[in-house]
Amino acid sequence: MRSQMFTEIREVVKEGKGFTTLRFRFARNALPGQFVMVWLPDIDEIPMSLSYVEDFKGITVREVGVATRALSSLRVGDSIALRGPFGNHFEPSHGLNLIVSGGTGAASLMPVAEVVGDKRRVDVAIGARTRDEVIFENRARLSSSEVRVSTDDGTYGMKGTAVDLARIMMKEKRYDMILACGPEMMLRSLLELSKEYGISCQFSLERFMKCGVGLCGSCALDGKRVCADGPVFRREELESVSEFGKYKRDEAGLKVSL
Amino acid sequence: MKSLRVSVAGIILKNPTILASGIIGETGRSLLSAIEAGAGAVVTKSIGLNVRKGNTNPTLVELPYGYLNAMGLPNPGIEAFGEEMSIAIRGGAPVIGSVFGQSAEDFALLCSRMQKYGASAVELNLSCPHASGYGMEIGVDPDNVSQIIRAVKRSVSIPVFAKLTPNTERIVEVGRAVQEAGGDGIVAINTLKAMAVSIEARKPILSNKIGGLSGPAVKPVGLRCVYELYEELDVPIIGAGGIETWRDALEYMMAGAVAVQIGSAVGKKGLKVFGEIGSGLARYLKSRGMEGLDELVGVAHA
Amino acid sequence: MKSLRVSVAGIILKNPTILASGIIGETGRSLLSAIEAGAGAVVTKSIGLNVRKGNTNPTLVELPYGYLNAMGLPNPGIEAFGEEMSIAIRGGAPVIGSVFGQSAEDFALLCSRMQKYGASAVELNLSCPHASGYGMEIGVDPDNVSQIIRAVKRSVSIPVFAKLTPNTERIVEVGRAVQEAGGDGIVAINTLKAMAVSIEARKPILSNKIGGLSGPAVKPVGLRCVYELYEELDVPIIGAGGIETWRDALEYMMAGAVAVQIGSAVGKKGLKVFGEIGSGLARYLKSRGMEGLDELVGVAHA
Amino acid sequence: MRSQMFTEIREVVKEGKGFTTLRFRFARNALPGQFVMVWLPDIDEIPMSLSYVEDFKGITVREVGVATRALSSLRVGDSIALRGPFGNHFEPSHGLNLIVSGGTGAASLMPVAEVVGDKRRVDVAIGARTRDEVIFENRARLSSSEVRVSTDDGTYGMKGTAVDLARIMMKEKRYDMILACGPEMMLRSLLELSKEYGISCQFSLERFMKCGVGLCGSCALDGKRVCADGPVFRREELESVSEFGKYKRDEAGLKVSL
């Protein structure tokens, strides 16, 4: 085992405005929904979902601050150091799956669409704020029979949120499982929606992560450690979690409203 | 199941496994989850006077035989921690409030708040190896330690435990200072001062450069400290360092620990480690026809 | 192959790997075999004034991540060791004479004999954690250490290295005392004071109860010590503790070591470990287009 | 891995005057010629060859001092603690092997006779001081086509040493390999004999052992570590070893004449 293991960036893909995919080799088995801790010396070490889980792995970064900006500016030949993969993973249903992605959520969701390996069992709803931020639409089409897009500002696809889109799709078809990742308020609404329809779900959540291995407690979500007990939670788990969609914790462990 | 009950300075634990400080102990519900998983008691994250964010990542290095961490004592501050305590104490198991400070006054103040919040005991972190000005700098000086213990003893009525560092040749001296100042128990050990270097980055991996080593690698050091302290002291000793199995726990108890804390194993094995150690100890007692753990504490000194 | 030559206090090593003291170093021919296997230099077993049988077995416990030993400084005495030295120095690599004693006079006497026997340098074992009256008891007191170094420096003209214990919070202070007293280099670290308990025997396994932990478990502690010493001192530092691969060696060099000692890995990997580390370092230099190891020493402090 | 691992004595066999075999389970793979370190709390930890290397393992102890006396007095149900197995092992020839045993040497040699698995490829010469000290004669017969015995005092078998016996057997048959264990002076003579006949050999040696894992150097034989590089050495190795048959080292590393 080596911790903070360096690997070279082999490919850089600009996915859309502010989104960059970095591809690299990392000889560890990974499953859809798992994440890695990415270290940029002198900057930070941050959690990133694996957007590609096969041999030629990848992460897809949205630029939001110092570390993600530094990551987004890397070029082929540069190196990053990784630990992981960590956490549990998505387990798609053997029936019909609806994948609901908000923003960067697509990063952890694409691998699960691909792992199903049967287009007829996967539909995808991609939500973004605006046209430029829609990512992985074409990738989704390769593994799904139906891909629809919504944007908050209506510049592309349906005008509305990913949840609005999901609602429409759920009216049209009977899904067996909703797999989702995105802003927590979106997931909160999606949980309500899935309860309405009585559909199982698995949502991937984010919390402030330091250790990534279930020790430090910084990623606490009620009594659960998002890094180790999650990041993927089922509907039943989320229903019993008082903090879901309400609070997260900052670096000091203080409660912060979402 | 044979009774695994132990009493530590008058506090009754349903079994001798205790969640170590700094391990998921920043929130009340996390502490509850350790109790639900079978911990006989839980220690909170070390809490200070003020909000602290801790160090920038990387704060953890994974090693084949343990972890190296330099969290930097992140905590929401004693004020905000009251809410977490009120949740934790609902678990029905003793909650031990860990605190860190820079002066005897800091410690006294923090401990009296912990008592008010319902802590069954307080644990003074005199041993963090990587937060400068706190922890081990003050914990290697017997006079200093003595002063802190006295101040805390004046301010609380619950038992006061001192958590000691192994990064000194004077651990027994410091332990004696704790005992003589009226301390009710000793926790040994905190992490070993250590480092990891990335040859690719050509620098220490931890943002803080220096951190604390924990896990199986430190078990032999922890055992030695407990053994040495037990030889010289009368106050109860709580063992910690690299405990992953009931066999490890028993080694510590034979060396002189009345109870054991579990930290790194929560990362490696999850919270089920408490139940596993508990049932392993119960099986051991049964197979030996023994009634309780008391008769095992310190037997390695015979 | 790029040159792996390093100079430590004026002694030239064809590569930076050194056989650590106490590892097969009791006989001349064993030392030769380490040189033949590729060690850049060898350190003898720590030799005292008189014949010592050492402790009764068990003197070793095998752990998944290292060894715990309490050999008890067995050695044939400085008198008889002359014959072994005369064999060892035929190897053509520097032989460093390790010695232990109870007083400055002991050390001075032992070192002057080592010089007469042809040692390229002497290494003062101020750090054995488990032989009472010798080693770490005297090695944690800067004044004491200073006196010993001065006495030895008066009695020999070859470089004098002090091997320090990590079992103290004062390692940098002690290192400074060595430097100020004229010591030519520091070796860090010796083993960590530790113990193993057998739950079946209900006692410590080592006949000496307490022993010294070595191997991968102590690498993070050794690295930290080397890093801290390098920050404060100007004399060369030789790193030791858990080095098994060229990557480990490089971590130590980046932390500030000009050369590295290898102990426990000889048990786990055999003497071929010297050749493996050497060729790994050479490959590294080549792949980076570097001419030598010098430019890597201490880079982790940038 | 567990060090100093306890196991219960399941069977005790008195093999002859002063020789006791202890049988036990010890779930580690072992090969003929390997040894274990046997710990008796409060007494000592000493090296012992495995006289049985299969699942149901064993050691065969000759009483010579405190630790061996204590071992010899153990009963079924008592426990000992073991580390190991350590060292290299015998590798019998695919041709005809001559096993030459002196005293307790038989302990490490019987397993190699058995591992050959073909009586026609094994002859055995057992040497002892006197009749009562002849051990494993019947066991040897089960795996060898010819077993002969010699005693120093002539009370059983041929009068003479194991080397005398080997000399006779070597005159009668052409052996491809001599596998031997016994007092070092005996092995020294046997080495000469095998040189005369130009036969390969593998001899198992004893030295003072502390660590057993090749660290402490107390078992040094010239530059070799008997515990790790041995205990079995080939003819070529022994010919180049100046100390073989001459010196051993005591606990302090001082040379002692054999």
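We call the chains A, B, C and D, going by the order they appear; numbering starts again at 1 in every chain.
The rule is short, and it goes like this: a residue touches a chain if its C-beta (ideal position, glycine included) is under 8 Å from a C-beta of that chain, and two chains touch if they have at least 3 such contacts.
No experiment lies behind these values; they were computed from the predicted model shown.
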item	value
Minimal step count in the chain contact network, chain A to chain C	2
Chain hops separating chain C from chain B, counting only touching neighbours	1
Chain C and chain D, separation of their C-alpha mean positions in angstrom	36
Chain centre separation (chain B, chain D; CA means) in Å	50
Chain centre separation in whole Å, for chain D relative to chain A (CA means)	64
Touching two or more other chains - residues of chain D	none
Chain B residues counted as touching two or more neighbouring chains	63-64, 196, 203
Chain contact graph, described as a line, ring, star, complete graph or other shape	line
Contact pairs between chains, per stated definition	A-B, B-C, C-D
Interfacial residue positions of chain C with respect to chain D in the complex	22-27, 29-30, 32-33, 36, 45, 51-54, 56-64, 67, 69, 71, 74-77, 80, 196, 198, 200-201, 203, 205, 263-264, 266-267, 270
Touching residues (chain side chain A, partner chain B) in the complex	1, 3-4, 6, 37, 39, 41-42, 44-46, 79, 81, 83, 210-218, 220, 222-225, 228, 249-255
Residues of chain B defined as touching chain C within the complex	63-66, 68, 136, 140, 165, 167-169, 192-197, 199, 202-204, 209-210, 213, 216-218, 220-221, 223-224, 227-228, 247, 250-252, 254-255, 299-300, 302
